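What follows is a set of structures for review.
Next come two complexes, and both contain chain A; in the first it sits with chain B, in the second with chain C.
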Partner chain A sequence: MTPVYVAVLAPFLAAVAGFFTGGRRPRTAVPVAVSGAAVALLAVLWPAAQAVTAGATGRYGDSAHLASVPTGTLPIGVDLRVDGLAALVAVAVGVVALAVQVYSVAYLKGDPRYSSYAAFVSLFTAAMMLVVFADDLLVLLVGWEVMGVCSYFLIGHHWEQPDAQRSAVKAFVVTRLGDVGFLFGIFTLGVAAGSFRISHAVGEAGRLSEHTVTVATLLLLCGVVGKSAQFPLHVWLPDAMAGPTPISALIHAATMVAAGIYLVARLYPVFLAAPVTLAVMAVIACVTMLGAALAALAQDDIKRVLAYSTVSQLAYMLAALAVGSATAAVFHLLTHAAFKALLFLAAGSVIHAVGTNLLRDMGGLRKAMPVTFATMTVGLAALTGLPPFSGYFSKEAVLGAAEEAALHEGPVASWAAWLVLVVGLLTIAVTAAYVTRLWLMTFFDAPRSGIAVHESSPAMRWPLVVLAVPAALLGFAGLGHGWLPHWLSLDERVPGGITPLDPAFPARPLHIGAVTSVLSIVLALGGFAAVLAVWRRAPSRDPSLRLQRLRPALEEAFWVDDLYDRLFVRPVRLAARSVRWTDDGVIGAAVAGSGTEATRVAGLLRRAQAGNVQTYLTGLLAGVVLLAVGVVTLT
Partner chain B sequence: MTGALIPLLLGIPLAGSVALLLAPPRLGDRVAVRLGVVTTGVTALLACWVVAVEPSTDVAWVPSLGLRLHLGVDGISSPLVLLTAGLTLLCTVYSLKVLPEAGRPRGLIGLLLLLEVGMLGTFVALDLLLFFVFFEVVLVPMWFVIAQWGDTSDAVARVRAANTFILYTLLGSAVMLLGILLVGFKAGTFDIEALTERGGGGLSHGVQVLAFAALALGFAVKTPMWPLHSWLPDAHTAAPTVGSVLLAGVLLKMGTYGLIRIAVPLVPDGARTLAPWLGAFAVVGILYGALACLVQRDLKRLIAFSSVGHMGFVLLGIATLTPVGLNGALFANVAHGLITGLLFFLAGAIKDRHHTALLDELGGGLYERLPRLGGLLAFAAIASLGLPGLAGFWGEMLTLLGAFDPAAGLDRGYYLVLMALAGIGVVLTTTYLVVLLRRVAQGTTSERWREAVLMRDATPLELAVWSPVVLLVVTLGLWPALLLDVTEPVVRRMIGA
Partner chain C sequence: MPLLMPLMVGALLFALGVYGVLARRNAILVLMAVELMLNAVNLNLVAFDVYLRDGLLAGQVFTLFVITIAAAEIGLGLAIVLLVFRNRATVELDGLTDLRETDPPTALPVTADEQAVAT
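Right after this comes the complex of A and B.
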């Protein structure tokens, strides 16, 4: 277990060091931050290697019980656990954290806030590692919310800008709304299972009443929906793009938003015992998947297009969980982390060169920025799900799981599986359309920016090349009897490494169906062709303008923000104002009355006792004694 | 030998107080403050000793009244004793450099020491009448602190605030005294330990309900519970920094401590009958306080209203009548004392530098012009909104967990509703604190403060005073067992669960 402690503590200590010395010794900030992430990554490679070797022969799992905190009822256990799933996700987190630290050294060069920024990224890493390794729901919650607060500070990095302020507040409040439900879910599950321990709750899942499990999982889902930016709590993620690009790239695309998906995978047997929750998850996933993809179709800001695509792709992961395949969900989580990190960094390179986020001011960058063009094309192809890029395999694994649940028996009602299948296929067409629009508007036609554009510096170029490799090839890991399901120690019924493999449910390879493959390729090409046809008629015009009256709805993401403003923000403001009115007007008037009264009383006291402290005290004590004597004699 | 420890714990600050208040005027202010630091320092050391050995004293005091000098500490009171001694020490150290605007530090320190006697006495008293005496002793110095050393810009307002404070609390205390006398005479003893052991035995249901109502009302004023809170914002706005710190940090805890130590265990039947009411008022307070904070114009007033909300969580924990709820209440008590104490220190420091605490006049840009103060304010706000991993979380989480599964005989569905409403309160609390940071800390400095050349970021002495608080908030947040290990067995024994 030592590597696990190191993985959590190294970035934590780097954060502490960063907060306390960073301001005074800016030069030490860089090595401290980078080494914190590097040590964490090195530490998690050890359990990951063990999981790989154990994958062939059996299951891998190790846990430690450090302490138990009494509460008066169920104790909080400081428990950590590592298994294949945790090790794999931890490696992804470690890679991403190290990448963000290295990239930020160049990106934030000369920024006076670098040291606190790097410390928050370190703290974020420690918190995410804690989420990954925690075996107690309340310990997990600590990491979960510390991550949220780091995200708040990082989104608000440019705190002098109103945009950044608003987005930071929104992200924190919206996710915390989900987290309150999450806390109540922890209560429900923990009290029913008799322990807050995750591995215990997973073992008890079959013995709990379906009603309890349903309530618990629905409440836990609130937190998942908030963290992983799913409808109806998805509104914070597109706005979170106000943070610096590495933060958008790596935290809001690759790690933190994945925590929700990871949590469901971790507690999967509990969710499998609640078909109602799975159906709700399927519906939420479908609404989010298609809605976010449609919204991405009409965004002007390149980062917002990618943000909505993140929301949409996370919905695929949630859909995979809903139809009973945690492996497919984690598979898509990993490929998405690779290609989305690539896409954001490539977008950062474009923005850096053009000096604007707006697609309509780009265009014609293909020749001037060949490396960015090539790598971003790979990323976009993976996002669309074109073979042989990674996104194709993982998305097919999701659709394959949906197909199986729809045609054969699955943990979720077959209508829900059908819904996932149909909407999942439809979304591929829309995804292809917005990807094509972004691709054409950025790299083709004549340059519209009016400035001389050239390729970014090597420091920004090489991460693109490095990330393009997994974005292109990671899909092959899940092929056939590929090592991924084994490595994860995850099959559809018995996730986690400790439960012995149930012979009734042998580990299944990821299922990639011929029909869904053909359909999704055809739909993707259809989406591509449609946008291309529109674009060719007027290459300098935004293809989404052809949507005409539909466009505002998509651009404003169906006015969900306005709706929330009307439903929640304004009523709360009104309530707050009426509270002030009550306090100033009604209670205040009473206070003013009693104040006059009090002055009179005080005046009397003053006259009687000459304003002398000692006399006051004596008087008070005498009063007490007199009262006591009075009562004694009266009784 | 150890029997003299607790009387000594009270005697030292009392002696210091008398010495300072009676000293001839030619005693220099600096000497006076240093004397205060030495006195509170010795008291704090002694408090550590007392907590370590948990001694008790029990001698006859006024035999004709059956009044006994029964003093002692246990897991419930020791965290509060340490909190009191620690915060008072920090306040006197703070006064070394930051003198009250109103001058005359000698008198202020003398009163703080007297205040300390009352606060410590309340937490160590194990006799009802003794408890009452200490409970009342606190009022007088606090009145002077607010009325004489308060907000220098508005003399009328500060005297009115002080008067409101003392009037409210005295009326509450009168009702509470009736409750004490009712319990004492019906049960035939004023000894808290003996009465706790009896657990309401020998008291009829009617007497218990009446006694609980009277006691709870008195404590509720002090806590303060909505709608008896309206003395608090005025008192805080008017009080000097050290007054606010002790008022929020310790004085409010006397109310909830009284509920846990006296009202709940002594008349448990009454508690069971009235707990749902207490819970309802608690939750209204949580929501009302949070909503009020969203529209406050004054930083100190905002923090004061936030106390109404946070103390609502403490009350909710008590109202569940479960060990976990009471543990949560005790934890939240200490956490709130530290965090809000820190917040008031920071608000005071901000006000010292700007000579205003009005949010509109302060404007944004604290991160920009005073980065250390801004960073500390962000830390305190994040702690106050109950972020897991900092002290504020565990208390509130445990009170909610208590409400999730309240004591037998209480309506679970009703408490689930209370828990859900308190959950909304958590979100609103988050909102007003991040909105506060947005208004004050983020953004850019307005023209008005750009020219203020004399503005100095947190001084070494300020940092020295605040860093122990910050450290404790982090330590308790990361290692809640530190406190729960102490309170849990006592709570369990006390309510017989």
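Right after this comes the complex of A and C.
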């Protein structure tokens, strides 16, 4: 378990060191931050290697119980657990974190707040590692919330811009909204299972009543939907792009948003016991998948295109979970982490060179930035799902699982599986279309910006090249039966029921169907060809302008933000204003009024204090005479 | 001698003293008026002592006390008056109103916080 402790503590210590010394010694910030991520990556390679080589001995798994916190009822255990799933996700986190740290050195060169930025990235890495390795729901929640806070601070890195402030608050509030449900989900599940231990809850999944499991999983799903930016809580992610681009790569594409998916995969037997939740997940995933892909079609900001594509791809993972294949979901999570981190870093390289986020100001960068062009092309091909790039295999695994659940028996109702299958295929065409638009508008035609563009510095180039390798090749890991499914060895539904943590049971292979493969390639090429045809007619124009009347709807992402503004933001503002009015006009006025009134009444008494001793004495004498007369007459 | 006559004289003297204390402006005259009041009391004490034929002569003893105290008081009082005159070149009691209540502050000053809330 030592590598696990190191993986969690190294970035944490780097963060602490960064916070305390970064301001005074800015030159140490870079080595501290980079070494924290590097040590964490090296540490998690060891359990990952063990998980990969576990082969003959069955499943790899190890856990440690560090402490137990008595609470009066259910104790909170500081438990850590490492298995194939945790180790592989941790490697993805480590690789992306290290790439982002190295990349940030160049991207944020000369930024006065670099040291606190790097420290927050380190803290985020530690929190994500904690989430990945936690075996107790409340310990996981700690990491989960720390990630949320880091995300808030990093989105608000440029806090002098009102945009960044607003986005940071929005991200924080929206994800917190989901976390309320998440917390109660943890309580429900923990109390029902009799322990907050994840491995215990997973083991108990079959014995709990269906109502309890449904309620618990639906509540947990709230947190997942918030963190993984699914409809209806997806609104924060596109706005989170106000943060620096490496942050978008690390937090808002590759790791934190995947935490929701990871959590479901971790608790998968519990979710499998609740078909209602799975159906809800399928519907949410379908709405998000297609909606976000359509919205990506008309965005002007390159990062917003990628943000919507992240939302859409996360929906694929959720869909895979809904149709009963956690392996496919985690597979897509890993490939997506690779190619989306690559895409964001490449987009950052483009933005850094051109000095704008807007697609219409780019163009013609192919010759000036060959490395960025090549790596981004790999990333975009993977995102579209073109063979042989990684996205193709993972997306096919998702669609294969949906096909299997639709045609044969699955954990979810077959209508939901059909929905996932059809929407998943449709989305591929839309994905291909927006990817093509992004690619053409960024790299082809004549340069539209006046400045002389050149390739980025090596610290920014190398992470791109390193990430391009898994983005291109990671897909093959899913091919062999003894490879990825076996390394992950997740609990899935098999004919005959659920097999929670059965070491003897062989992992189920990924199903890649011939029909879905052909269909998806045809659809992807169709989307590509359609955009290409539109673009060739007028290369300098935005192809999405051809959508005409539909375009505003897509650009505004179907006015969900406006709707929320009307439904929630304005009423809350109104209520807040009335609370302020009550505070000022009623409570404050009462307090201030009692003060001024007391002063005014006291003014009457003040008149008597004339300062003339003889007046006082006259009053005194009058009083004495009155008393004397009173005594005489009354007795 | 009937009791009434010294008592009448005492009351008259006391009333004179009261008038002097309350109405005169000159501090020295006020002090003299105080002496008048004290002596009115002395007269009462002696008169009652004789009238009651007190064996211990308590009334006369008290009178001696009062005379002593009066002497001490006038000494202290004159010293105060002298100092007042030295400081202010006047002994008019009407002018010595330093302890009177000044005008109240009209309103509490608005703090920065309140201003921020108001805007």
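Observations
Just so it is clear, the second predicted complex is superposed on the first by the 561 of 635 C-alpha atoms of A that agree within 3 Å, B and C clash if a C-alpha of one lies under 4 Å from a C-alpha of the other, contacts with A are read in each partner's own complex, and residues count from 1 in each chain.
In the analysis below, a contact is a pair of C-beta atoms (placed from the backbone, for glycine too) under 8 Å apart; a residue touches a chain by one contact, two chains touch by 3 or more.
It should be emphasised that the depicted structure is a prediction, and the values quoted were computed from it without experimental measurement.
Once the two complexes are laid over each other on the shared chain, residue contacts for A:V579 go to chain B alone; chain C is not touched. When both complexes are overlaid on chain A, the residue A:E145 reaches chain B alone and has no touch with chain C. Taking chain B and chain C in turn and counting the residues of chain A each one touches, the greater count comes from B.
Contacts of A:A452 after superposition: neither chain B nor chain C is touched.
In the superposition on chain A, contact of A:T73 is made with chain B only, not with chain C.
Shared interface residues of chain A, touching chain B in one complex and chain C in the other, are 580, 595, 599, 602, 613-614, 617, 621.
Those residues of chain B that touch chain A in the shared complex are 21, 62, 65, 67, 111, 114, 129, 132-133, 136-137, 139-141, 144, 159-160, 163-164, 166-168, 177, 181, 185, 227, 230-231, 233-234, 288, 291-292, 294-296, 322-328, 365, 367-368, 371, 375, 378, 382, 387-389, 393, 397-398, 400-402, 404-405, 419-420, 423-424, 426-428, 430-431, 434-435, 438, 441-444, 480-481, 484-485, 488, 491-492, 497.
Interface residues of chain C, counted against chain A in their complex, comprise 18, 21-23, 93-94, 96-101, 104-105, 107-108, 117-118. Within the complex, the chain A residues that touch chain C are 580, 584, 592, 595-596, 599, 602-603, 606, 609-614, 617-618, 621. The residues of chain A lying in touch with chain B in their complex are 23, 67, 69-73, 76, 116, 138, 141-142, 144-146, 149, 152-153, 156, 159-160, 162, 165, 168-169, 172-173, 176-177, 180-181, 183-184, 187-188, 191, 572-573, 575-577, 579-580, 583, 587-588, 590-591, 594-595, 597-599, 601-602, 613-614, 616-617, 620-621, 624-625, 627-629, 631-632, 635.
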